[in-house]
Amino acid sequence: MRNANTAGWLAAAPALAFTLVFFILPFAGMVLLSLTAKDADGWTLANYQQFFSNRSYWLGLKNSLEITAIVTLVSIVLAYPFAWILAHVVPERWQRLALLLAILPFWTSYVVRSYSWLLVLAEKGVINDLIQGLGLADAPIQMANTRFATITGFVHFFVMLLTLTIYANLKQLSPNYAKAAADLGASPFRTFWHVILPLTLPGIMVGAFLTFVLAIGDYITPQILGGNNELVLPQVIMMQIGRRGDFPLSSALAIILMLVITLAYVACARWLKLERV
Amino acid sequence: MNALAAVGSLTMRYGPTAALDDVSLTIAAGSYTVLLGPSGSGKTTLLSILGGFLQPTSGSVTIKGEDCTMMPPARRPTATVFQDYALFPHMTVGDNVGFGLRMRGVERSARDEKARAMLATVGLPDAFARKPHQLSGGQRQRVALARALVVEPQLLLLDEPLGALDLKLRRQMQDELKSLQQRVGTAFVHVTHDQEEAMALADHIVVMNKGRIEDQGPPQRVYANPRTAFAASFMGESTLIPVASPVAVKLKAKGQVALRPEHIEIVSAGGNLGPAKIEGIVYQGSFIRIQARSLDDLALVFAIRTGTELAVAIGDTVNLAVAPRHVMELGG
Amino acid sequence: MRKAAAIAYAALLYGFIFLPVAMLILFSFQGSQVPVPPFNGPSLKWYQAILSDSRLTVALLNSIAVAILSSLVAVVLGFLAAWGFARFSLKWPGFWKAVITLPLTVSYLIIGMGLLIFFNGLGLPKSLFALGIAHVVINMPLCFAIILSQMTANQANIERAARDLGARDWQVLVLITAPMLWPALFASFFLAVTFSWDEFIMAFLLTRFDTTLPVEIWNLLKGGLSPRTNAVGALVFAVSVILAIVFELVAFRKRNT
C-alpha cells in the first residue's frame, strides 16, 4: 500500500510545491514586509496604525464597502426576475440561446467593458445626447467619473454573473416543488415566497459572495469609470505602489483588504452550513 | 357503481403526436385504481390532467359532478404524491405536512396537531421535527403521503410512488399503501409500470398503451381474460397464437388467442396444442420455465411453467395441452 | 398581461446588457476623431490603424502565448494533483486540497502584489515569464477543482481494470484517465485561457516593456475616448464571442452524445 501511495504523492507534489513557492511564500513575504517601514529598520506596526489614523485610507475602505454593498444588492434585484423569466417564461428550446445572449458581453475584455460604459456615460455620450435631444436638460449631466458610473459598470458585469448562477439554481429545482405547493393550495406569490425563494437562497448567497469578493478587490472599474474623485481601497493600494513605491504600506493595506474578504467568506460559509442542517 | 370522478373522451396532443387518444374512465368512490402501462403509454399524462397540471386538448374531467377540466390544481378536491416526493427540503417534516393547511389559513397549533396525527397514521409518529434529508426513502414516501392526505382530498393521485424504492421496500410499502387506503377510504389513483404492483394494489386496473386504454376491470378478470394481445402480454408472460397458425386451427379458435404459461400442460399423448420440441429449460427454484417450439408451426414458441419434478431435457419432443376454459380469446 | 410584463422586463435587461457593447462597436466605425454622437461613418480607418500598430499586434501575440502556455501548465499540474488525491488515500487530503485551492479565495490584486514583492526580493525583473507564473497560480486551483469534481468512483474501477490487465501507473494515467476526463480537461483549459487572456492587474504589476493586450488597451485609455480603442475592443469582443460559441458547440455536442 505504501508503494501505491508514493505515486499519488509524486502526482500531487508539483502542484503542492508550486503553490508553496509562488503563493504561500510570497504571501508570507508580504505579511513580513507589512511589519516594516519604508524608510526605517526593524519591525513596526506603523503601517497598520497609519490605516486607522489616516482618514484617506479609512475612506477608501468605507467607499469600497458602500459601493460593493449597493452593487451586490442592485445586481441581485435586477438579475433574479431576469433569471426567472429565462427559466420559466422563455420556451425550453430557446433557453440556451437566450442565456448565451444574456451573458455574451461577459466574454469581452474586462477593461474594454468598463471603457464602453465610459462611451455611454460621457459628457458627450449617447445618454447625454439623448437627454439633451429630448430637451430634458440644458447642460450635460455629469455621470462619468462618479460613483454612479462605477456602480453601473459593476452592476452590468454582476447582473450577467448572477443571472447565470440564479438561472442554474432555478433549473436544477424539480418542477414538482412548485406543482406540489400549487396542489396544496398556495397562490403563485406564496409558492414563490415559501418554496422557490428559500430554495434558491443558497444560489443567491453564493452569487452575492462572488460579487462581493470580485467587486471589492477590483481596481479597473473604479479607476476607469469612477476616476480619481472618490478612491476605493484597491485604488489607494495601487497609488501607494505606483506613485510612492511604498511596498510595506501597500502590503498592510492589501492584508486589511484580504481580512475583509475573509470575514465575508466566513460569514457566508457559516450561513450556508447553518442552512444545510 | 358510485362514480366519484369521470374523464370523458380525453385527448392530449403535442403537435402531431397524441399522448392521450380519446380516453374515457370512471373512478368509483373509495376505490383503488391503478393506471398500468409502459413509459410513453400516456398514464402519467392522464394523472397530470386529473391533478390539473395539464389542460387536455379536448375532453372533460368531472369530479363529484363538477366540471374541473380547466380548474387549477389548488381548487380541485385532489392531491398528488409526486414521483420524487417533492418534499420541501428547507422545511421540517411537520411543516411539510402542515403546508396545505397553512395555505388554507389554519393556525399553527391546529395544523401541527393534524400533521402529527397524520404522521402517526402513516407510521411516522416521531418524524415531526426532522428535515426530509434525514429520512430514508421509504420514510420520505410516507411523509409525501401524509402531506397529500392531510388536506382530505376526495382523490389521491400517486405518480409512480414506489419507483424510487428498492424491490424489498417496494413490496412492503405496497402492502402499507393498500391498508392505508382501506383505512382512510379516499379513492387512490396510482400510476405504475410494474404489473405485480398493479395486481397487488388495484380494485380496478387500467392497462394503457400508446395513449389508449387497452383493457380495464378487476385485476383477476384482466389477468385471466384480457381483451387485447397487449393487455395479455403486459399483465404477465403469455404465448400468443395468431389466428392463421395451424395450432389455432387445432384449438378451433375464432380469433387470436393467448395462453398463460402455468396453463400449458405436458401430456403423455395427444393434446390439443400438438407436439413441440424443447429448446430451453430454466430452473427458477419453485418451478421450471420451458421454451418449446411447436412442430406444427415452427414460428411459434410456447412459454411453459411447470413443477420441478418433471424430468425433461433439451431436444425432447413433448405433447402439449391446455384446458379450453384457459384459452384467452383476444379481441381487436 | 403577466407575460407582456415579463417580455418587457427581459427586453429592458437585454438593452442594459448590450447598450455599451453596441456603442463600442458602432463607434469603432466612426469617421471622425471622437467616438460620441453624431455618428459619421462607417469608416474602417481605425481598424486599419490598429492592425498596422506593431505595439498592439505584439501585445496580442504575447497575450496568446501567455494564455496558452500558462493554461497548459495549470491543467497538467491540476490534473496530476487531482488524480493523486482522487485515487490514493494520501494523508490529510482535506488540508492539502485546501492549500491548493487557497488562491481561489484571494483577489488577483493581492496575489499579484505578493509575487511582485517576491520577485523583487529575488532580484528577478518584470517579464512575461513572471506573468505566466502568476497566471498558473490563479488558474491551477481552478483546473484542480474542476477535474477533481469530475473524477468518479466508476472511473476508478475502469483504472483498476486497466491495472489488472497489466498497465503501469503512468500508462493508466496517459491511456485511460486523461482520455476519460477529456471534457473536464478541455473545459478547465478553456476557462484558464479565458481568465489569462482577460487578466489585467497582474499583467500591469508584473510586466514592463513587453506586455499583454489588456495593458496595451489600458495605455490607449490614457489618451481619453478614441475610436481607436473602440476598434481594438470590438475586435477583442468578436474573438471572444467566436471562442464562446465554439465552446458552447463543443460542450453541447459532448452532452448530446
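Each chain carries a letter (A, B and C) given by its place in the written order, and its residues are counted from 1.
Just so we're on the same page, contacts are C-beta pairs under 8 Å (C-beta built on N, C-alpha and C of every residue); 3 or more make two chains touch, one makes a residue touch a chain.
The structure displayed is predicted, hence computed values, not measured ones.
Colleague: Where the contacts of chain A and chain C overlap, which chains show up?
Modeller: Under the touch definition, chain A and chain C have no mutual neighbours whatsoever.
Colleague: Which chain's centre, taken as the mean of its Cα atoms, is farthest from the centre of chain A?
Modeller: In terms of C-alpha centroids, the chain at the greatest distance from chain A is B.
Colleague: Indicate the whole-number Å distance between the mean C-alpha point of chain A and the mean C-alpha point of chain C.
Modeller: 17
Colleague: Whole-Å distance, chain A centre to chain B centre, using C-alpha means?
Modeller: That gives a centre separation of 54 Å.
Colleague: Two-or-more-chain contact residues of chain B, please, as numbers and ranges.
Modeller: Chain B, residues with two or more chain partners: not present.
Colleague: Touching residues of chain C toward chain A in the complex: what are they?
Modeller: Listed in rising order, the residues of chain C that touch chain A are 3, 6-7, 9-10, 13-14, 16-21, 23-24, 27, 34-37, 77-78, 80-81, 83-85, 87-90, 96, 99-100, 102-103, 105-111, 113-118, 120-121, 133-134, 136-137, 140-141, 144, 169, 173, 194, 197-198, 200-201, 205, 213-214, 217-218, 221, 225, 229-230, 232-233, 236-237, 240-241, 243-245, 248, 252.
Colleague: Chain C touches which residues of chain A in the complex?
Modeller: It comes out as residues 4-5, 7-12, 14-16, 18-20, 22-27, 29-30, 33, 78, 81-82, 85-86, 89-90, 96, 100-102, 104-105, 107-113, 115-120, 122, 124-126, 129, 156, 159-160, 213, 216-220, 224, 234, 237-238, 241, 247, 250-251, 254, 257-258, 261-262, 265.
Colleague: What residues on chain A touch chain B, complex-wise?
Modeller: 174, 176-177, 179-187, 190, 194-195, 198-199, 275, 277
Colleague: What residues of chain B sit close enough to touch chain A in their complex?
Modeller: Answer in residue numbers: 51-53, 72-74, 78-80, 82-84, 86, 88-90, 99-100, 103-104, 131, 147-148, 151.
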